[in-house]
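The same chain A turns up in both complexes below, where it pairs with chain B and then with chain C.
So, the complex of A and B:
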């Protein structure tokens, strides 16, 4: 257990450090951005610098890096030296995972911690997979969009395995928060990369159904719209021709005639050669409410025009899109 | 007021809290008389300067957590000062050069503080700081040969870069390495090799770029990836249409940008996301040229929407631009500015074009929601200021003021600068995010030496 900060005995008074001459930071006589370090911080770092310079890879050096990391978990030099010591001492890396977990609880957005964790888990190999998935799950339960935690989780799956339950995990997180784009991204990662699923082609039908359902439940949720498009990545023709795609746009427009995402996808479809039925023309025609001018007979232009009105923050973009439309459809 | 329903998800709940804060700010703004409006839109230059200078000279104990980022703190502060068109005195400049030299590793590259391992991010920060200081003494303090060796030693066989010896490999590392190499004129085929493949593998199905292959599209990494691809002349390998569509949707009704889909608005993304538009406009010929199609009166006032938060909050702002002649201010704001039938190219000889994002709305968010009146800028209301957000909010503000100009050297028209014209900041080179003039001096210096 960590000792209380209040009871900390200065290192200069600890006999086990009496052989070390602390090395102060070479900040110069008059540095800019000088930090008003706490005394404990300065002392710990002075001893750290001494051992780092001497490349002393000893148990006491290991415990010193632990103290230095607690003072500043962002010091990558300390972490790096710690890895060198762990290697030299052939230390128990399971214990190291526990140490990282304690630090990560209050610093879950720090690059160094995650890089270190990846190094440790990599050394432990596939045995660590379950523990790492549990660990990231714990962090994600506090912040379901923690970028580092998701990256780590993806690395674990690819390097150590554990794909079996990952789609369920995404499913669960999406049930909790269907707007969680990180969970959608993870879903895409699993669908495209899991060795146990059939890849994008094999999963497409069921994924499209799932996504369409999510869109219908919350048409203003951007995540499933982008995901739907992603399901046809590198296969634009299928995307254009799949009636499930165009029909979800139409269905949404019938509930919510100014749905930016439905209009935007319809526009993209048209730009890629989609042939709209009369039904589509009517649906778009029905949108001319607040505007006195008749809508353009060119469906793409008409959609851009509507988007300029209903999505004013992006008016310039829609105007630009209008200028880039292919010849009338 | 947004109603809080019990079946809202975390994302919805957090978003509605922020939106309420922002709307409240904009409602207050809408209700005050024009004079007060102008005051509210003022960039508090003096207070920002005071905050920045204080940080350069002394930082409190809480900065122990940033002890491995001191060149970054230098850069955030010095770049902010330069954006404000100010400079530091010769003595402070000498002290900065001396300090950064102590962060320079004997084998090349800069660490987070004296005696720390060299790191790509702090190398980028140190080099940008020294360029921002900008005279001979400062620029010649950089050991380019050693930096080249350091960069090369950070390159992974797959083409990407690691942040430090055996450190993490990601798009940020690629950007900082390539940016430094380019600005120091030491970029060669060996450094470039395969880095484009790595960036390409990080463009996600959403259109943006992630930190590592498979991760989520993110504003910071998208900026880094795009800038890298531009510097190595491989930008056309990216799916730019989808990238543009992704980034354009990151601007929310608040006016500011979010970093990822369905995340909250944050002032620092004004640069990371806003800068992407500057990169595309300046350095990508197809998009850059096409955007000029918007010139000369395509902006039609009949298109002005009256239905969104966006137009609701912009009422009565015309007096601040001092140019709109019609009563339809919402239009002038929403379109940025309504030029009517006037040929814009002839106005004071300055060439203009509409940016593809809403630059006025972004400026409004930065000035009203991201400014600490006591100095410094921040993420969003209720958050505290810091040097990082000050730097990137100001960088984003500069981008949104200058993105209208077709050529880098023309100064923007008063009406594209929200608030009083003295809000105008120095233009930047958006790839490296250093003030344009200093970038050019550095380019010249490193071309000679």
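So, the complex of A and C:
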């Protein structure tokens, strides 16, 4: 009934619209942020306003909203009216999901589309779970950090289900791009919230191993360092005492002596009571900085000093860290 | 298993120019149109201007008393930006205008706040603005983005902010507006954007900010509102749009702003969040909104205001950020863009000027980091004239 392509016939020349008087936008006097309309868009919106004012919830109104949405998918009033029409007509919501998918392909970061999609999927219930997970997967294959898609996916999992394969999904996206912070966030979401995985405590060992591997592959990747810390949420003592944590810092420093994240985590460990062995002192002692000043014998101070130089844009932060250090370690 | 592969970084992302293509990151939460996202405006590179008689007269040197002046490469083209904002209404055939119909209220807030920060609010006929604005109010008390559109919490805050700028809050039926806002609070403390029930921490900020301006915070359950925001806190100290949502500088502004307004900043892990926020500064001096994303002038506002609210703004290089924002100016025709040499728009002009105001750039009014209104306006709201 509604075609996506083809020559557009002006509405004023379509017989099915002859009974409607178009209603122009009232922008008030002397517009502050004034609007200039392209002709077709203007005409479509004039008819839209007429139907909206008359609250005509008909099949032709539904197809008119489709046309208006195609012109400007950001117009939330058109979407509102569309939902009212869908409800009044008791329309096929599976068809509606297909329509949203077509629009979303080229507008995947538009709030209204996602909000509408959630409304439709919510009405369909758990039957829609698989379709929604597939849909977000498709969108994420175009942009793996699309905030709306991730948000929708989290809602689907919690409201409609489908947790079973979610950790694998995160795994796959991280294999494609280990720097994808959104996928790391989703991984944490799954590990902490999936009803099938036994929670953070049960998953910690395997997750720490996975994360350490990710860090070793790309020590400058911010996300796994933060994830590693998150795995010990509310359990700082285990974090300080777990040799897997301190050793990954040491290993990274041996490969890349000025690694900001390794130095930073080591600093955090020291501040929380970590007792460094001689190996750590040697690794830090080996850091030669360009200013050829001898490094402080206090390990914490030495680390802050190096960080001030290698991460100079945040020098004030590292100076502040230095001022907050506990007594010499 | 883990490959040494880096996707979505600065080099690989910046392609695609057409409207609707997810070209890059943008976060225009006020518009309710776009996220993280494309603007409603297709991004093009600036065209060189042939009419050199249009270029600016010799600029006055920065004040010698300014601590920043020594390191500035350029200077804020304040007069040009004023002209740009005022000229938007004269633009014909602008695609920007077409797609902005439904969010004109937010456009008014962006443009007028920028003018006020530049000390030029009187260039606008306030009675005309207010007359149009009041026609956007619905029986429910909420405001729409334009005449004939549906009410939404986004535009209700913009309307209240515009009236506050003009010191005309007295034209409002305060109880009617605040009842509209309080009616959007859910049982769990979160807020919906409108009758359709979309939930987002953006709306929590808007509700808290708007009711505070109207002196009606008692109309909502503030404790529940705070608890909901705290439930959106992540392992990196940041906040997302709903519990478990990824930390994002825009959402962080909303959550920290709402906590600041409600006197609940003790819920923020300031050192942890402060470090995450200052990690957002990239080599060019600009700020991004999430790890591994491109810098954008709009984050000058989201990140900076958050850092100020948690007293950690000295952790970034202010000088480099000032330079980055100034580099995004269109020195010929005024306006500020997301990145150097992109086309300007009113959103980024606002974010750039507001960011410079937070950085205490000389000649600009100070702006309040939580209310996103000039300091003198906020003082007038809470302490009278």
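In this text, the second predicted complex is superposed on the first by the 313 of 329 C-alpha atoms of A that agree within 3 Å, B and C clash if a C-alpha of one lies under 4 Å from a C-alpha of the other, contacts with A are read in each partner's own complex, and residues count from 1 in each chain.
Everything that follows uses one rule, which is that a residue touches a chain if its C-beta (ideal position, glycine included) is under 8 Å from a C-beta of that chain, and two chains touch if they have at least 3 such contacts.
Being a predicted model, the structure only gives us computed values, none of them experimental.
A.B. asks: Put chain B and chain C onto chain A via the superposition and say whether they clash or fit.
C.D. replies: clash
A.B. asks: So in the superposed three-chain picture, is A:213 touching just chain B, just chain C, both, or none of them (first/second/both/neither)?
C.D. replies: In the superposed model, A:213 contacts chain C only, not chain B.
A.B. asks: Thinking of the overlay built on chain A, is A:244 touched by chain B (first), by chain C (second), by both, or by neither?
C.D. replies: neither
A.B. asks: Who does A:309 touch here: chain B (first), chain C (second), both, or neither?
C.D. replies: In the superposition, A:309 contacts chain B only.
A.B. asks: Where does A:189 make contact in the superposed view: on chain B (first), on chain C (second), on both, or on neither?
C.D. replies: Both chain B and chain C are touched by A:189.
A.B. asks: For A:323, decide between first (touching chain B), second (touching chain C), both and neither.
C.D. replies: A:323 contacts chain B only, not chain C.
A.B. asks: Which partner does A:146 reach: the first (chain B), the second (chain C), both, or neither?
C.D. replies: second
A.B. asks: Is A:138 in contact with chain B, with chain C, with both, or with neither (first, second, both, neither)?
C.D. replies: In the superposition, A:138 contacts neither chain B nor chain C.
A.B. asks: Have a look at where A:109 lands relative to chain B and chain C in the superposition and call it first, second, both or neither.
C.D. replies: Only chain C; A:109 stays clear of chain B.
A.B. asks: Where does A:281 make contact in the superposed view: on chain B (first), on chain C (second), on both, or on neither?
C.D. replies: A:281: touches no partner chain.
A.B. asks: Determine, for the stretches 21-29, 327-335 or 435-443 of chain B, which one clashes with chain C when the structures are superposed.
C.D. replies: Stretch clashing with the third chain: 435-443.
A.B. asks: Across the two complexes, what residues of chain A are contacted by chain B and by chain C?
C.D. replies: 25-28, 30-38, 41, 45, 49, 52, 72-77, 80, 83, 111, 115, 118, 144-145, 147, 150-151, 154-155, 176-182, 185, 188-189, 193, 222-223, 226-227, 229-230, 233, 313-314, 316-317, 320
A.B. asks: List the residues on chain A that touch chain B in their complex, please.
C.D. replies: 23, 25-28, 30-38, 41, 45, 49, 52, 71-77, 80, 83, 111, 114-115, 118, 144-145, 147, 150-151, 154-155, 158, 176-182, 185, 188-189, 193, 221-223, 226-227, 229-230, 233, 264, 268, 290-291, 293, 305, 308-310, 312-317, 319-320, 323-324
A.B. asks: Which chain A residues qualify as touching chain C in the complex?
C.D. replies: Where chain A meets chain C, its residues are 25-38, 41, 45, 49, 52-53, 72-77, 80, 83, 106-112, 115, 118-119, 142-148, 150-151, 154-155, 174-182, 185-186, 188-189, 192-193, 213-214, 217-218, 222-223, 226-227, 229-230, 233, 313-314, 316-317, 320.
A.B. asks: Can you list the residues on chain B that touch chain A in the complex?
C.D. replies: 9-12, 55-61, 63-70, 73-74, 77, 92, 95-96, 98-99, 102, 111-117, 119, 163-168, 204-207, 211-212, 214-218, 244-246, 248-249, 251-253, 255, 260-263, 290-291, 293-294, 298-299, 302-308, 310-311, 334-336, 354-358, 361
A.B. asks: Touching chain A in the complex: which residues of chain C?
C.D. replies: Touching chain A: residues 1-9, 20-22, 31-38, 40, 88-95, 97-104, 107-108, 111-112, 124-125, 128-129, 131-132, 135, 144-150, 152, 194, 196, 198, 234-236, 240-242, 244-248, 274-276, 278-279, 281, 283, 285, 290-293, 314-317, 320, 346 of chain C.
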